[in-house]
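In the two complexes below, subunit A is the common chain; its partner is subunit B in one and subunit C in the other.
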Partner chain A sequence: MTAQMTSDAISISDEEKEILQEIMNIAFGKAAADLAEVISIFVRLSVPEIAMVQVIDLPAYLRSEVSCCEPISIIEQNFWGEFKGSAFLVFKSGAEKELISLLDSGGEASFESESLEILERETLMEVGNILIGACVGKVAELLKDVVTYSPPRVIIEDNPDHAIPESLLDPSLTAIILKTVFCFHERDVNGLLFLVTSQESVAWLKNALFEFMEQYECA
Partner chain B sequence: MVKKILLVDDSPISRRMLKSCIAKDMGYQFYEAGDGLEGLNLYKEIRPDVTFMDLTMPVMDGVTSLQEILNFDNDAVVIVSTADVQIKSITNCLDIGAFLVLKKPPTRESIFNALSMAAELPR
Partner chain C sequence: MNALEQIFGTVNIGLVIMDKELKVTHWNRWMFLHSGIAAEQIVGSSIFDHFPDLNSPKFTRNCKAVLAFGNFSFFSQKLHHFLFPFKPVGSFGAKFEHMQQSCTMGPLRGDDNSVNSIFVIVQDVTELAVYEQKLMEMNVRDGLTGIYNRRHFESRLKEECERHRRYNRKLSMIMFDIDFFKKVNDTYGHQCGDHVLKGVSSGIASIIRKTDCLARYGGEEFCCLLPETELGPATMLAERFRAHVMEMILLYQETEVRVTISLGVSEFQEDDSPEMLLKRADNALYDAKRTGRNKVVAL
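For the complex of A and B:
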């Protein structure tokens, strides 16, 4: 990780990062359970890794995670609450086909009338909606917040440098990156979730993390 | 009466949360491990009365560690404490021989009830 925070950025301590990692871990467990219910197969989770970078460093981060020439698919969804921002779920190219085949193998989906491109987009949108909703929703619930969401949007981009909307490349914004691998029934689908949020939301998050741990401080 | 408690979880925060849910005046001795293999080795060394086991961990996952502990000691009381709340994960742990499966985050009530149930087991 080469990203540097500017001096006016609100920093997150190692302990706060560990608390956030545990909360994200719980949130991803809920997300996996929701997804497993929809596709009726077992989802094996990996230990999530968490990092915080400035949004302007995100394209470089994405380049380091995916091959520079490899197309990526991103599902974007905005959320509003005390904690607000945009959630991005990144899949490497080909994940949508894996997901479709998994949905198809459940025997409940019928794709005959759909063009493949539309189907791929809708699959990504549905999977993204479930994962982002469960993950952000669980984080909000644990931190005693309530969030609402915009409809999900799919971005398919050949170049990771262009994957983040220019309007979001604001140095005052922070990205919380949660990297995990979902393994669906022996098929690895690499998923990268990141939340882009303001310094104001990071300040709220720090306080909420403190309050969350307070309930565990004395027995 | 449960005396020795082993906490196996790669997250120090998670271990701290779980430990804080257990009343300090009950005289428990706590032992901690950061992965399934360390937990297995520590189990063999200290023979705890109750083990709390996470599932998603590096080096050795919780399911493997649970199996190995039960292979070593068929009477081991292992309570799985996990964020993985998929039905298949829960039933798998119970089928292997976990005493209970508790979902994260822990609460004082759930931990108290689990320890009370464990204390009632014939030893």
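For the complex of A and C:
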């Protein structure tokens, strides 16, 4: 049904945008609190920004958003539920060295046969998996959805053009982009998190937003 | 037994389900076959009672993330090698002490959608890991002599020059080739030539440090990269190479074959490129050849 959707079906009203922003804000707040409480990762997430971009223009959009901190490392993970799409976590290259100390490996660090490169890659993936899972999971939870994830993928290069999985998003569609800046406490690491969801999720999203607001209106 | 239970029992991957306290609730036959621990023995007890090594920050952090966020966690073979210390199946024991595993962990939800347990999927990827290791070896080694190949040497050279530049470390290189190698081939045949190449490279390989990088650069031409080494000690080492080869008696089909080598030594200078270091060693080697062979020239 999505392929037949006309482009005006995507249009999200300003009010809906605001609700979505509020949901993201609550979700990311909860995610940050849980990350600190459950696994002692202290992260601050900024108020998310919402943008609508044609899928075909996504690479250009991402490129312009990250041009400030090239070269970059991108961790990409897809999520599936009613709420589905791709998450991109963008770090400045070299951040992985700082991130290794974020994860307490408890003396596990003796990967003698492993090159540092593999360790750094795996660290990026684990941090990405945890951050993306926490943020996406909380959004889904608020909207009463359950999502599953693909394994994270690290794209270490300065060309985000290859970062968009072509199969996942129909290029004729519009994507909703939720962008947030995050930084770890007491560590000189920050980055960007993009949640890109396609038009296919919009009908469901509008409905979920409506139901989300309803519970407050009833109260 | 219903269909899903039968599949759970017979599928060729390990499946484990744990509750929120990480007590095992399900343990499939695959896990029994590889661990020797029967489901009856482990169900109801903590996973750590049977596998204390799992009680690491990484494992518990991921369990918490699964329970708290409904996250999935992935334990790659590359970094973790395995979660459960099982014996490798088949003839891979020589390469790996333990079965190489790729593991996935994820949430299981109750009727109200809240996460109430964790599943772990264990895949045996030992065979793949063995092939990968073999491919990696083939990619960096010279097929005949077993020492590094030119491709690997060139990438190491680039890395070491980079390191030299960043940390201002010493770096030297010895380039050498076998004198009158064509004569060996012409007199005793190419098989004998190959035998000499193998003998010389294994002889030199036995007297260098682990951190040095010895490679076959061309036909009978070799390079040895010496990190943390100045020109003086590098030249002394080159002299040892020369003496060592000169004293070597290579037996080929009951014929004693003796060869000598000529060597050029160079040291990385400020503002050098990898090519310049190589070029100077090559020039030094050329000088050694030109001025009598079986000798060392440092530039």
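FYI, the second predicted complex is superposed on the first by the 160 of 219 C-alpha atoms of A that agree within 3 Å, B and C clash if a C-alpha of one lies under 4 Å from a C-alpha of the other, contacts with A are read in each partner's own complex, and residues count from 1 in each chain.
As a convention for this text, a contact is a pair of C-beta atoms (placed from the backbone, for glycine too) under 8 Å apart; a residue touches a chain by one contact, two chains touch by 3 or more.
If you're wondering where the values come from, they're calculated on a predicted model, not measured in any experiment.
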Task: With the two complexes superposed on chain A, say which partner A:211 touches: subunit B (first), subunit C (second), both, or neither.
output: neither
Query: Touching A:188 in the superposition: subunit B (first), subunit C (second), both, neither?
result: neither
Field: Which of subunit B and subunit C A:32 touches, first, second, both or neither
entry: first
- prompt: Which partner does A:49 contact after superposing on A: first (subunit B), second (subunit C), both, neither?
  reply: neither
Message: A:149 in the overlay: touching subunit B, subunit C, both, or neither? Say first, second, both or neither.
response: second
Task: Based on the superposed arrangement, let me know which partner A:19 touches: subunit B (first), subunit C (second), both, or neither?
output: first
Message: Touch test for A:117: subunit B only (first), subunit C only (second), both, or neither?
response: neither
- request: Identify the partner contact of A:129: answer first if only subunit B is touched, second if only subunit C is, both if each is, neither if none is.
  value: second
Query: Which residues would you name on subunit A as touching subunit B in one complex and subunit C in the other?
result: none
- line: Seen from subunit A, its contact residues with subunit B in the complex are 15, 18-19, 21-22, 25-30, 32-33, 36, 42-43, 45-47, 142, 213, 216-219
Query: For the complex, which residues does subunit A have touching subunit C?
result: 31, 34, 38-39, 103-106, 108, 111, 114, 118-119, 122, 125-126, 129-130, 133-134, 137-138, 140-141, 144, 146-149, 151-152
Message: Please output the residues of subunit B touching subunit A within their complex, sorted ascending.
response: 10-14, 16-17, 20-24, 56-58, 82-89, 103-105, 108
Statement: So, in the complex, the side of subunit C touching subunit A is made of residues 56-58, 61-62, 64-65, 68-74, 76, 78-79, 104, 106, 109, 113
